[in-house]
């Protein structure tokens, strides 16, 4: 009932080109990116978008390559939507939403070849670096995908390789060498409310949007991942408009690093 | 209540030597065996018994032998009773019924030495072929054990070894070489209803039977696995009669391959 | 309600320096330790304290050392509080209580260096002995920690190394060689009821105690593990008194081996 | 330039659709696209229990996408994987777009998809099968739902890639499309493409979806004709 | 030809049975056959909760067979295995044959078996212990239930194989037998045998079960005498 | 003899406490002690559901201690470990000592602690954060709760060991202490110590806890002042 009243209110605002918190449709909430918030980790970042806050950490270890890419490092991504961050989340192993969150962010980075995986090969077919990117959500007030995407990128950019001596990783000792990051990839998530597209939905807006699309772009404006969410359909024109928005806003976001 | 009416009806029929679908006590429903229904798998079969339908696939891979049988391949069997096949099945990890299904079929094949496991040794103590037989039930209308048993045997008989080069399995490329199958093993499941023994129980009959016995036989008529199900006791005479039936019907079933 | 009546009764008794089963505050129930109750295991013991009964078994196997202790064997401890032993226990994976039970007993032994782990090294960095101590509770009538601690120690003292030939453990064949046990460690658990400290609480006493402290001591009277349980606070004086009791009673318990 | 298997850029592999193949289900279908085979089954709408899981206002739709252990080159471990859980999530969302769940309050509609053989395009084959299974179950739908993936090989935009083709390109753009309302209800992309690339692939995909719609309609007619001929 | 341990073909290993050894349980027993040791405990009949799991017409019987981690040569990982789940299933069915669950509507009867030392014949030792535990719990039973396995070593039929003997033969035929109604309620076979082999092993098994019945009755009498002597 | 990082034996690492940092929570705090960082959040008291889990007489308090995957040298696998479950258990008991759960019948109070960076003393940092989070949530408490660990390096008793120091000694004695009632509500020991050692370490720990109490009070005041200044 309450949701329905709020839904009608937010939709009516949308028709007047307005949002509940006064933002423009193409306006992010205030974004803050801090890096090295976990100095002991190889890389880390805290991203704040409005009242949404996520912490991303990068850990590295040496492992075996996958048989079909014997000369490439491995990227792994996880995210936990823990009840600590919102009364909406439940305890237990990651559900589909947190799996989707981690996988969408991961795909954008992976498909852009943002990390030069070949440079993470130590000995072909035997030893490679594994890069593990984990997200812990501190507070959920909407648009976790963009917060996580920015955090992952910032953490990767800030990461330093650990010391590796005599075939063993010396955990806790970092070198000055960064990760081989070639591209900066950022996702932009666009919500449709009352037939209008708007970026960076807050939690209240997420509750009433009927479709969602996340588009990750890299430095040259190419698109490296898309993910539509929710059940309502988008027209081809809406998809094209969303791509324009994501390319434009992606450019602005990359300046934050 | 409904079950009780049906139970009395089916039991009364049994006393008149009749079955609900008009079959004789020693008559199977119509059986159809198709092989290579999953051409990409090493072996596969679809078995239809009346309205019961199961798909069995054989996958092969190279692994390490068990320490106590260093010169033998390994057979592994699994079955999933998924709610896709019947509203009676539940989601989640395999329950006792699906474990029993896979294990009973597996034991018949294993104890008959139907597959020459020594021929599946590549390098003693180091590398052997693993044969993985998995059953997916398409539609459950009774007698899953016999359907799965026939499917497993047909899939094994139709299987072709994958290509193995330079110590690596070339997945997706099969050779012309079949598996070293020495014996054809088939299970026959016999239900007791109203004191009478009858083969191939349909789902309606399974609901009212008070005891069940599955007997696997191989080409020479030897018995290689037995499994009694449900709680009612069988007399020694009934067990002996069941063995006669299973040996006789097993002979007929083997002609289907 | 019933618990409340019982609670007041037991507390009132405590104020009169009495216990529900007539024991003194520093008196154990009757203790019986039998060893080799599972002759096939490397070591085993059955401990009975009043109506509480636990069985502890020691199994050994050869494995790889932890990277940070390449020349030391490994001790692992587990305990199952199975509904077989009490209607209060639930099925399923070990809960926090059984984890605490195993870990408290394990810490006492480990921190005392009761087993000379260096003597369990077979080949530095490659092969070491793993000592696995598992507890199965037979009947729970209070004070499982002390029963488990006595059982673990008795089982370790009675254990014989398995035969090890040509780099392989010959399971089922034991040598005459015992484990290198240097110290006898025993836990003493002290309950506080109505403001009084008493040892070896029975199940009825555990139901009404407001604090619990377990203190493990070794031969020279040193303390190697402590664990306070339940929420009520203890004063420093109470902790000191508990240490006195544990040292004194520990000395007596060690005579049982 | 023809493709390795002789197809044109905008040509799908051979498509076979069959409706009503799982007797116990309220609706079911099998869809084969090239060497990829998907089965779908619908159970429901049926009373939801335990009752505390009921939604008084609408049906609760669940969707489970699975791969049979023998469906691909290396054996697939049974049970949900991260990949299968994500596909189940986006498939469920896509299907929900055509069902008015409010027509079936307090009920459960359970949809299952299993891939018995995988040669690229498993999620899209599964959605086509699910569309047919829902229709076969007699559930009120505002549209059928069609699904295909496209990509770019070299400079050419192509539709319905095979497993071999997928290895030669790093891009995959699956959609689910409502042919009557002309809306895209599932859209994913793995790749590195310009906006123009994506527009062109979308066009190809939509054309293929329109063909899939015709095949779906035909498969449903075959089932209904078959049923009536039995009467 | 005598067996390695000097027994005759039809001779069981030494059997010890003790009733009422787990104080908290409503009924319990310990059975040792040679070096195999099984404990069984029964809790119930007791009110089933949560209530929605109650069966208004009969008791819900559960059966859990487990092996202690230290019971066999290599440590057994705690928790159910595929083997233990199958044994729990067939044991439960066998036990249900002698209990009239309809006498105890809305209740739960939970039976637990743990093998603390394994040297072949663990499922059968467990069933013998369970039979005693049920009787000790005062649950109405139509019969006791006895259980033993037999096999064939070389040309000879033998009963109650040891672990060593099992290694020399590939066959194992365990049964559970109701001595008064003369019915077989559990029957399994791993092996490669003729019908005649099976008939002969069944005969041996049943003879052994009749002896086990006597030992069971005696163990129960000892318990009851012990109880009464305390009065 | 000063310690490697220049501290005196009875000197804690730098302590920072901040209250109210997780907006969605009813109460929250962040505590940094040296390089160890803990966040705590409290949700509740709120109505417990499902209802059958309600306790009519008091609130049900849960406590979950976790380590972030990136918090320590080697990546920590998400999900509960044996260690984290034991810490959750003893932490919950310690916290319960200051909350009168009977004031909040039928409700749930859920407390979560996550360690985002670990350099020894994670359980004690977590308890300090939890104390602040409970106070921030406005839950009636009979006392604040403070926590620190001490040990012995060589012949010297020291408080608040670093990760490096922990490697040089095999002893760890954490406590949780109620500064007003002067009671110890959590106490653990790993080590090999005499009674005298333990008495001395306890003394050091309690002195440190008294300082932590002052810092806690100050952090809460800062939050309340901050709040009121916003009014």
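When the chains are written out, they are named A, B, C, D, E and F in that same order, and each has its own residue count from 1.
The rule is simple: a contact is a pair of C-beta atoms (placed from the backbone, for glycine too) under 8 Å apart; a residue touches a chain by one contact, two chains touch by 3 or more.
Please read these numbers as outputs of a predicted model, since none were measured by experiment.
*Asks:* What chains touch chain C and also chain E?
*Replies:* Both-contact set = empty.
*Asks:* If I average the CA coordinates per chain, which chain comes out farthest from chain C?
*Replies:* Relative to chain C, the chain whose C-alpha centre sits farthest away is D.
*Asks:* Compute the centre of every chain as the mean of its C-alpha atoms, then state which one is farthest from the centre of chain E.
*Replies:* Between chain E and the rest, the longest centre separation is with A.
*Asks:* Roughly how far is chain B from chain F, going centre to centre by Cα mean, in whole Å?
*Replies:* Result: the chain centres lie 58 Å from each other.
*Asks:* For chain E versus chain F, what separation do you get between their C-alpha means, in angstrom?
*Replies:* Here chain E and chain F have centroids separated by 51 Å.
*Asks:* Could you state the distance in Å from the CA-based centre of chain B to that of chain E?
*Replies:* The separation of the two C-alpha centroids amounts to 27 Å.
*Asks:* Which positions in chain B touch two or more other chains at once?
*Replies:* In chain B, 94 touch at least two other chains.
*Asks:* Considering only which chains touch which, how would you classify the arrangement: line, ring, star, complete or other?
*Replies:* The chain contacts form a single closed ring, each chain touching exactly two others.
*Asks:* Beginning with chain C and continuing through chain E, what order do the ring chains follow?
*Replies:* Following the ring from chain C in the direction of chain E gives C, E, B, D, A, F.
*Asks:* Could you pull out which chain D residues touch chain B in their complex?
*Replies:* Contacts found on chain D: 21-25, 35, 37, 39, 41, 43, 46, 64, 66, 68-75, 78-79, 110, 112, 114, 116-119.
*Asks:* With touch defined as at the start, can you tell me which chain D residues reach chain A in the complex?
*Replies:* 82-83, 85-86, 88-90, 93-97, 170-171, 173, 178, 181-195, 198-199, 202, 206
*Asks:* Within the complex, which stretch of chain A touches chain D?
*Replies:* 95-97, 99-100, 103, 107, 110-113, 213, 218, 221-236, 239-240, 243-244, 247
*Asks:* Any idea which chain B residues touch chain D in the complex?
*Replies:* Contacts found on chain B: 37-41, 44, 51, 53, 55, 57-59, 61, 78, 80, 82-87, 91, 93-94, 132, 134, 136, 138-141, 171-172.
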